[in-house]
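Single-structure report; data block below.
All chains are identified by letter, namely A, B and C, in their written order; residue positions are counted from 1 within each chain.
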Amino acid sequence: MATHTTKSHPFHMVDPSPWPIVATIAAFTIATGGIWFMHGGPPWILIAGFAVLIVSFFGWWRDVVNEAQSGHNHTSVVQHGLRVGVLLFIASEVMFFFAFFWAYFNASVPLINSAAHTTWPPEGITPFHAWGLPFLNTLILLTSGATVTVAHHAVRLNDREKMVFWIGATAVLGFLFLGLQAFEYHHAAFGLTGGIYPSTFFLATGFHGFHVFVGAAFLTVCFFRARAGHFTPNQHVGFEAAAWYWHFVDVVWLFLFVCIYWWGSAGYHGPAGH
Amino acid sequence: MLKKLLALALVAAAAVVSGAGQLRAEPANGEPTPWAINLQPAFSPVMEKVHDFHNLLLVIIISVTVLVLAILAYVMVRFNAKRNPVPSRTSHNTLLEVVWTAVPIMILVVIAIPSLRLLFFSAKPENPEMTLKVTGHQWYWTYTYPDQEDMTFDSIPIAADQLKPGQPRLLAVDNPVVLPVDTTVQVLVTADDVIHDWAVPSLGLKKDATPGRINETWVRIEKPGTYYGMCSELCGVNHYFMPIQIEALSKEDYQAWVKQAKEQFAAKDGPATSLARADRAD
Amino acid sequence: MAYATTAGHGEHDDHHPTGWRRWIYSTNHKDIGTMYIILSLVAALIGGVMSWMIRLELAEPGIQFFDNTQFYNVLVTAHGFLMVFFVVMPAMIGGFGNWFVPLMIGAPDMAFPRMNNISFWLTAAGLTLLVSSAFVGEGPGTGWTVYPPLSSIAYHPGAAVDFGILALHLAGAGSILGAINLIVTVFNMRAPGMTLHRMPLFVWAILVTAFLLLLALPVLAGALTMLLTDRNFGTSFYAVSGGGDPLLWQHLFWFFGHPEVYIIILPAFGIISQIISTFSKKPVFGYLGMAYAMCAIGFVGFIVWAHHMYTSGIGTNARAYFTVATMIIAVPTGIKIFSWLATMWGGSIDFKAPMMFALGFLWLFVIGGVTGVVLANAGIDFVMHDTYYVVAHFHYVMAIAAIFAMFGAYYYWIGKMSGRQYSERLAQIQFWIFFIGVNVLFFPQHFLGLGGMPRRIPDYPDAFAGWNMVSSVGAAITMVGTLMFYYIIWHTFRYGKTAEANPWGEGATTLEWTVPSPAPFHTHEELPVIGAGDHGHGPLHGGVQPAE
């Protein structure tokens, strides 16, 4: 509470905030607007919902950043809590992807599911050639994993110029990945409605792509915060969260690459997919 | 509380001892009976084994429940604040803790062995002598006899106001599926719209009819008679009105029925399905 | 509701926000907990009315009220969802968890107070969507298990199922955030000396539950997302025509669904441990065994899901594995039951209302639990599957045992929460009405199930009439008990005596009893220090000293 100038514990008592209810109204609007849209209605409510959501995210995180910069709210104990929170959030995200991998293996591995397809990819599907664009994207993400680590070192050494550069580089690599994936989607030999293979392919890689976008946006915010001098060697939870999130996105991609692009096209010996 | 418990245990024990439904088994009639408190009587080897296993389980679960409730009752009487104003402070007893971990494990082993035996017995028939194909639709069943040149017919529930005397409401159909007794029948179950489930309690039959899958089960009916069941997977508005009726005939009667049925269901041209639907209309 | 009267004493509750902002913008774990409890009470009324409509229809054979049988299916679906996601979970985890985890571990609030607030509002938004779903178009007549293809666009073309999906998405997101919050609070905010092995068992229970939520709900979210895209964007995850598989849904749903049932019962275990220890005036017997039994239940809970799918056509070896794995859960659960009995053994038991509900819980849970062991056996489950035997099983363990724990928790803590004590006499009467009611309601359903009566049917063969009537009479008794509970709440706030800081005496040793009643807006602003004493339930026996 603002009224407590002296407190005898290291925790952060947060002031009342409008953002949770605003964000909920946004989510509710997205849900109902989305349903309306899916059942033939106009998209405006959905779009309005997203707009409010972005506003509330902006306001919410602006408050968090201000609290962090205030100097006394984010004690080392609070920082520890935030870090554990981020790790738990990532754990829940892992389980989200777990569902999509389950769908993929349920369709493709007869050992798991007696009714699975005996040929994979199913007949009529021309998959991507794993060692083309997907491999390039793998290299990009692996490189970005390295650059974000370099940035992390720079943060620890309090080398502002270096951290700004390497955070920026990581974000750029992230957006580059997204661009290439958009290109790949554009040249896919199958469409979303073409059966179980495209279903698993597009939802698994699509949600990954969405996470890359979130991670890259997060890094972009960190880029500006780094420039503004927000990160110090002993207070940079925001950056650390972005970095961990980025590693998580990276690892999910490795699984996607190995399981869907590589193993998933092994039965296929035609020309490169694009 | 204790009285209620005892009464309950007695009722349940009586059910075990008398084999409840079995007494009513005179004319082989596999259907639910009013106020029954146990499984329907058994008319197939699988269901007989289910009865045996269930009797074992009943003894075990009633004993466990009675034990827990007896201790509970004792504790309530002996250690209430009036009789025991000064509480003890014991909070550990390694021996006890080992015992109440080990004994349940042993009980579970006693359950698991017959359980797995029953599971593997019920899973696959030894030498099926014939095959019946069952297809679920919203909201009726289609039966196909691959051994009889794929003879196929639909089995449509009879509306309440058209029941003949003796036909139970929500259970009787126009064309029951007919099977011979003392014959091991392989049953293949599937569906062509949503998931249904082909179930006949007194024969120990229950298998999901899932579109895109052919599930296998089997039955060997021991007595001629009529056996009823109901669709056992929520399948839409008429889920409650999608009964299964099996007519079990002696082998000779069955052969006679096959002959007549082939004529009946083949005489009309076109797919049997639409015919049977038309049947229902009149 | 909580501070209407006696709040305002002491230096602790100085300025706190007032007016509507206090609630809508709240970052206070007690206010948010209170809102969760109110939400649960509202949802319980809706879900309860639906269940009584179900029992009214089933009182006699024939279609009584629902000529549109789809509406019956919708009621069953909505009843199941409401009770599970919007009555039990919000009350136990969001309500009592929010209120008492910080109080019991000596923390001034939750780790992320703002996130705490959005967890609540997302739950409320989910509730709104869920209730709406029953009234848009023809409603979701899919059962709470939402199996495709019945839930696909071909068989449920309206928007109702989409409302249901998004309701669960929102409530699920709220629960995941709530779980993160609870875990971080427990890991990071324990008062000095409050080691993990000294935490009260309620906190342990919530901790394990939070992990189950964190790991199980995202799988449901993934499954729901696939259902949503199947319905609206032409994917084929569950559609056979596109090479998909309806059983995929069942696996994913139950991979979430089985942990979900332990999400419901573990907090109940925690509540029961506190109550039994308090009213026996003894520390919990076998504290560590109790804590680790919950961890074991949580862990094994993740590897038994297909026991809901024994008739679906999965392989025989798989069924054998799931049989054995499922039965193993009886062992840690047995440890809990016997440890509760041993806690009472040698105690000096006060039969106050919370204790009565705890004893009722034991009775109900053991009956429900042992029928679970019957169902665990794939070799016999196929006879009971999708019959009222299963309905009886899960109402014993989930519905009424868990609800008993909630009633117990309410009576146990209402003095602390509101500063007003309930009327012991009324509560005892309510206990007996409810206890008799639920047994008359659900015990005969075992018989119906064994006799072969399927679930989810608005009409049944005439032979089932007898026990169905008995069951419906039980529902009517239960209805009286429920309405009386709402009366008691009103009565407590209107006429309740002022509650002392610790109304329960020497048995109540956890930290929440060291703060005044009602608990002031801010508590533990000065962190208590917990000395080495009795494990867990009795940390205070080592003495709480004010921080230096």
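By our rule, contacts are C-beta pairs under 8 Å (C-beta built on N, C-alpha and C of every residue); 3 or more make two chains touch, one makes a residue touch a chain.
Here the structure is a predicted model, which means the values were calculated and not measured.
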{"item": "Arrangement of touching chains [line / ring / star / complete / other]", "value": "line"}
{"item": "Central chain (distance from its CA mean to the mean of all protein CA atoms)", "value": "C"}
{"item": "Reference chain A; chain at largest CA-centroid distance", "value": "B"}
{"item": "Cα-centroid distance, chain B relative to chain C, in whole angstrom", "value": "31"}
{"item": "Approximate Å spacing (C-alpha centroids) for the pair chain A, chain B", "value": "49"}
{"item": "Contacts with 2+ other chains: residues of chain B", "value": "212-213"}
{"item": "Contacts with 2+ other chains: residues of chain C", "value": "245, 247"}
{"item": "Two or more partner chains touched - positions in chain A", "value": "115"}
{"item": "Chain A residues touching chain C - in the complex, by the definition given at the top", "value": "1, 3-4, 7-9, 11, 13-21, 23-24, 27-28, 31-32, 34-36, 38-39, 60, 77, 80-81, 84-85, 88-89, 91-100, 102-103, 106-107, 113-117, 122, 192-200, 202-203"}
{"item": "Sites on chain C touched by chain B in the complex", "value": "61, 68-70, 73, 141-143, 147, 149-150, 155, 240, 245-247, 280-287, 289, 311-313, 316, 319-320, 323-324, 327-328, 330-331, 334-335, 337-339, 341-351, 359, 362-363, 366-367, 370-371, 373-374, 377-380, 382-383, 385-387, 439, 443, 446-447, 450-467, 507, 534-535"}
{"item": "Footprint of chain C on chain B - complex, ascending", "value": "1, 4, 8, 31-40, 47, 50, 53-54, 57, 61, 64-65, 68-69, 71-72, 75-76, 79-81, 84-93, 96-97, 100-101, 104-105, 108, 111-112, 114-124, 168-171, 193-195, 197, 199, 201-202, 204, 206-208, 210-213, 215, 228-241"}
{"item": "Sites on chain C touched by chain A in the complex", "value": "14-17, 21-22, 24-27, 107-109, 111-115, 117-118, 120-122, 124-125, 128-129, 159, 162-163, 166-167, 169-170, 173, 176, 179-181, 183-184, 187-189, 214-219, 221-223, 225-226, 229-237, 242-245, 247-248, 251-252, 255, 315, 522, 524-527, 547"}
